[in-house]
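For clarity, chains are labelled A, B, C and D in written order, and residue numbers in each chain start from 1.
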Amino acid sequence: MDFAFDETTRDYHARLSDFLDRHVYPAEAAYAAHPRGDWRPPPVLAALRAEARARGLWNLFLPGEHGAGLTNLQYAPLAELTGRSPALAPAALNCAAPDTGNMELLAEFGTPAQRKEWLEPLLDGRIRSAFAMTEPDVASSDATNITTSIVRDGDEYVINGRKWFITGAMNPDCAILIVMGKTDPSAERHRQQSQILVPRDTPGVTIVRGMHTFGYDDGAHGGHAEIIFDGVRVPAENLIGAEGDGFAISQARLGPGRIHHCMRLIGMAERAIELMCRRVTSRVAFGRPLADQGVVQDWIAESRVRIEQLRLLVLKTAWLMDTVGNRGAHTEIQAIKIAAPSTVEWILDKAVQAHGAGGVSQDTPLAQLWVAARTLRLADGPDEVHRRSLARRELARWTS
Amino acid sequence: MDFAFDETTRDYHARLSDFLDRHVYPAEAAYAAHPRGDWRPPPVLAALRAEARARGLWNLFLPGEHGAGLTNLQYAPLAELTGRSPALAPAALNCAAPDTGNMELLAEFGTPAQRKEWLEPLLDGRIRSAFAMTEPDVASSDATNITTSIVRDGDEYVINGRKWFITGAMNPDCAILIVMGKTDPSAERHRQQSQILVPRDTPGVTIVRGMHTFGYDDGAHGGHAEIIFDGVRVPAENLIGAEGDGFAISQARLGPGRIHHCMRLIGMAERAIELMCRRVTSRVAFGRPLADQGVVQDWIAESRVRIEQLRLLVLKTAWLMDTVGNRGAHTEIQAIKIAAPSTVEWILDKAVQAHGAGGVSQDTPLAQLWVAARTLRLADGPDEVHRRSLARRELARWTS
Amino acid sequence: MDFAFDETTRDYHARLSDFLDRHVYPAEAAYAAHPRGDWRPPPVLAALRAEARARGLWNLFLPGEHGAGLTNLQYAPLAELTGRSPALAPAALNCAAPDTGNMELLAEFGTPAQRKEWLEPLLDGRIRSAFAMTEPDVASSDATNITTSIVRDGDEYVINGRKWFITGAMNPDCAILIVMGKTDPSAERHRQQSQILVPRDTPGVTIVRGMHTFGYDDGAHGGHAEIIFDGVRVPAENLIGAEGDGFAISQARLGPGRIHHCMRLIGMAERAIELMCRRVTSRVAFGRPLADQGVVQDWIAESRVRIEQLRLLVLKTAWLMDTVGNRGAHTEIQAIKIAAPSTVEWILDKAVQAHGAGGVSQDTPLAQLWVAARTLRLADGPDEVHRRSLARRELARWTS
Amino acid sequence: MDFAFDETTRDYHARLSDFLDRHVYPAEAAYAAHPRGDWRPPPVLAALRAEARARGLWNLFLPGEHGAGLTNLQYAPLAELTGRSPALAPAALNCAAPDTGNMELLAEFGTPAQRKEWLEPLLDGRIRSAFAMTEPDVASSDATNITTSIVRDGDEYVINGRKWFITGAMNPDCAILIVMGKTDPSAERHRQQSQILVPRDTPGVTIVRGMHTFGYDDGAHGGHAEIIFDGVRVPAENLIGAEGDGFAISQARLGPGRIHHCMRLIGMAERAIELMCRRVTSRVAFGRPLADQGVVQDWIAESRVRIEQLRLLVLKTAWLMDTVGNRGAHTEIQAIKIAAPSTVEWILDKAVQAHGAGGVSQDTPLAQLWVAARTLRLADGPDEVHRRSLARRELARWTS
């Protein structure tokens, strides 16, 4: 359980910090000016991606031969760094959700043909992707509720259903959707679901609208689409794995996805602490810098104390995933999924407050970071579902 | 200390409830579709205002001969009702901030000429107004920090400065700005400030941009403007009161403004509780309605328990303002300013969570209500300033 | 809904304040020296009771002809005052639990003979009493779980069972126990229970030990006894009401009992705020009084804001009980039972912290007050039970 | 930063677990029956100490030649285990505060003669000791406030002052007090203090009384004494280090002392989680085990998530102390001092609540564990002092 940076991590960390300082932070203002309802990536992103790639900061998230080959423990501090500028840095490095999960999924479960057609251009940064799981009408944290149907018809599958909050799906570069649906509603609970590749331009795929998160449309990320699948037909070979594998594939996808979110959340919190400290030392009220106020000091101390604990748990989780696998790290993945969003939301709230009116505005990244943290208390299943599940495991320890 | 509704309140309450049911709630969807960056009121508002006026639901906030003549205690349950649909109902009744505070101010401190020129059309709903106090560069919760200058030059005053978060200022109907600045920076701390009427179309007044609150631009309310005053000249008779009266006028304005916010916050919380209860009884997860989950029940119970307490303190404050005046109610006004936003923010957070992804989206009013509550932890001075002040009063009780 | 003090309340309030100042507070030190394991009332109590009675401050809790005849709303501010010194003042006024509930019960449900034998000496202060409901082996917040049996045998009832946390039962003055048990376990859920009068010296009644609350044995109150009832025989006429009435009687008893606790809790919080304010203005650390520290100011402000809200809800509940009855006030009684202990516990925690090591010691009343508040999160059913019940009522409002 | 158990730790951990299971837990009931006001160790302790020593579980806390020679990282999981039964296990292993800090101090700063006279019998378990720093009249978290005087008079020092909360001082085995006082009040702030060895039976040392913590007198630990030093004379060679070294010695003592408390707190929390889980799976209310209730599950999940984070921070701190020294670990020591007591207090509160009335009583260790955690929010300086200090360090990072 050694969490120290090794040589590889140290090297990437230094190079990534330099990239952030020179290229990413300076681009944030341009990003913040992204026009409403424009679903294209901000122009600056293409240049950032080229630069990152030239610097060898590309696909760092992906273990194995297809990516940078880092362990989770090596990647964690790098993902944390990208969390300091989460609107730009992950995408600049081709390490942004949901592409990362989709690439992992294709690398692990895709056929050679699927990998060639979709994984290669994704890894190469030529296209983007989306993952269509959440449905408006059912509690999607329980996959058995999914109502979208995927029905075999000769050499094709026919897909019908409605999805929403499909992040990135309105980005014009988004070429491929991975759709979760049911191939056999009569099968055993966790064998009903399948996943299938649906090119975004397939007839019958209709983008209805972009969903908002607390006023943001996240257009620069391709938004969060509501999509209707109406008699959408794709070749049978677009199925990922076999019929009924959908739930298992989905579970495999979630572990890394969750820890990546948590790693980035820590970076978001560090950015917030830095901004808060800089603000309170420079802002004067009632004759003294805000930093002299006991309540403000309390926020700062508590933020530091919380984030130090949280980071260590994320690192331990990464180490467990590397050593005993995602399954063996199940409880810890759940624990950080529970702890990270609410902890970081709390810190961001204090940083917002320390900034006064500016804190809720477009003049700092804090309000949007807060929304990202808040939304993660819901994404991939609300906290309450994870708490209940973790509690049952704990209870089982003492009653078996 | 009798908080029961009297006959007048009961009558207004019934009529206002009916107006909300028939006209306001049905108009919410049209309002929610208000286009980004459009600073005009949504078209539906004009019809709502006409209807409200026809029903005698107009200027309810204003005591005395100019308005409906209600006491604060009578107005409180009505303002609470408008808080259930805060984006539309207050404006429909000509009871929206900042117009309300500006009308009170003109009614109390305006000259006959000022009242004729600005108060009458405001009361009549022909124009709207804004209040320009907050500045980006200083902690404006401490009025002595204000840097905008108001300098006498012959028969005119010349105004220079920069303001931001000037709510409503981009509404094309906004005809008049009340600007807070300093006429004499060398005077005693609370005699340096003055307030002056500046028609929005005066040369030198430049709207720079709209400030956001989280991802909202609040365009339907005329946004929150950043404004530069560059050598703006207005006649000397535009000054409100005498030179140096600005701080005192501002204090007089704040009491009613704060309690109105708190009354509406309670209505927002009641709306949230209703939406939460309806949602959890209809939504099923893991085979049971969400309402069966202990954690969800805990949210609902705690919400009810908190809001009942809060409402009573707001009513007591209203009663004190009516009986011993705003000055005598100072501590209670501060107490509700501290308690209401954070309490209601907490309730809204739970209502959002109970709605899942839909809760952060444009499909319920909850996310925007949350932002309104959160922002009120900062507006009119951050909570921390009010807590400190209230603590000092409490400490003084035991040491004098 | 008029919460102002009337003439009667004002008069009692002044007289009770004077009694506290002159007699109760000065006696606290003697009380604090009460020896461990001594279950007799502290000697000072007899003098206090005589003095209180002489001043007409006696049985204030009891409405109707038997007591002072006050309404709940009139009694609330008086009970609050006694909460400032809860170990002495309520007992001094013959207004201490569980005697109060027992006297109410006998006044309402007792036969003339029962009232003559037990109510009269209780009202007269010649004896004390206890209420034996809670059992160690079952969740007693659900009365259907009670296992103690009360079996008719000729002209007698025979009682077998084990009770604990029977407050006051070891006080040598405690002459009578009201015991809750089951007369018919096969009856409908809420008709199985009965209540019966058991003189404490009846053969078969064995006091096993005193239960502690944190480190306190509350000996000065007669402790919290564990009691075995082994073949205890009492005359059949000792039954209160009819067989099967036990649950209903118990419910009738709980409403006033709960609100009395809540009234006193507010007095405890006021005492804590006073002690905290006095402490922080006199104690210096790092060169300044503690009162100058922002965090301490935050505690004080938050304490004041919370207690003002809580008091109003308690008053409203009292007013409802007076006007629509305990049944009509059910939700509000539940709300204050939920809100008061945790709110006051929070305030006491801060007062303890402000006192440093002295705060946890016997040198201030704060630690013991804290335990009283903490224990009330459990007594009469844990918070969680009341929250769930209140939530169900709220949910029913929106689904019927 | 490798936190895994090494071979040594694994071996000790297994042996210590076995010792706890076989000897310590079974002795808890006897300990709980310790009579009030009896300051002698419970009889069972001598047997436990003999057994522990025979098993080689002795002085594990002490690095270097005098003790077991473990690193902090090796000791941490062992101290955690002792925290599961904190009233018996640490003392059984001769690893209880304040002896541990006193032994470290003598090992590091004592002269050979001092070590021979006091350290040897302490290590050998023949005597016990106390550390007399806290004073009732001043904020002792700021050592510059200390008022006890230590004045040179010929070959002796004369000590005058009043101390309180001197843990263990009433244990008849307590032979030696280390007293903190001022030798030169006119010196530079941190050179005024000295520490001196005072045999407890020295004339002029008067034990006034035992201080309580929430009703407990902690008699089995020798209580928390209030002590008057009135013209107490000891030989000059009893001074530890040189005049003016007192503050520095005290700082050196605090680091290990604090982390030991934190390690044990984690064990206390683990015990609480185990008891809570066992309770809620066996206790039935309203027809279901408590474990089925969502709110209870929430407590369990949150407890697990918090304690996992906290443990990792304690381990990191231990590792830092081992690798960069106590000074280099200053911020982390402060962070765990802030985080551990309040986190564990929260968990204990939930475990108490899950046990109902039994949870606050002497029938489980929970209430007393809660008091231990609560008191540690004050001991060695209140949380607020440490938060402020940590905040200043954080602020300095961003402004230098």
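The rule is simple: a residue touches a chain if its C-beta (ideal position, glycine included) is under 8 Å from a C-beta of that chain, and two chains touch if they have at least 3 such contacts.
Keep in mind that this is a model prediction, so the values were computed, not measured.
Engineer: Please work out which of A-D and A-C is bridged by more C-beta pairs in contact, and write that pair.
Structural biologist: Taking the two pairs in turn, the one with more contacts turns out to be A-D.
Engineer: Just to confirm, which listed pair, C-D, B-D or A-D, duplicates the contacts seen in B-C for more than half of them?
Structural biologist: More than half of the contact pairs of B-C reappear in A-D.
Engineer: Approximately how many whole Å separate the CA-defined centres of chain A and chain B?
Structural biologist: Chain centres of chain A and chain B, defined by C-alpha means, are spaced 37 Å apart.
Engineer: Could you state the distance in Å from the CA-based centre of chain A to that of chain D?
Structural biologist: Each chain reduced to its C-alpha mean, chain A and chain D end up 43 Å apart.
Engineer: Averaging over Cα atoms per chain, report the distance between chain A and chain C in Å.
Structural biologist: A distance of 53 Å separates the two centres.
Engineer: Quick check on chain B: which residues sit in contact with 2+ other chains?
Structural biologist: Expected reply: 293-298, 384, 387.
Engineer: In the complex, go through chain D and note every residue touching chain A.
Structural biologist: 1-4, 273-274, 277-278, 280-281, 291, 294, 296-298, 300-302, 304-306, 308-310, 312-313, 316, 332, 335, 338-339, 384, 386-388, 390-392, 394-395, 397-399
Engineer: Which bits of chain C are touching chain A when the two form their complex?
Structural biologist: 293-298
Engineer: What part of chain D is in contact with chain C in the complex they form?
Structural biologist: Within the complex, chain D contacts chain C at residues 36-37, 134, 136, 139, 141-142, 145, 164-165, 211-217, 283-286, 290, 293, 295-296, 353, 356-363, 367-368, 370-371, 374-375, 377-379, 382-385, 387.
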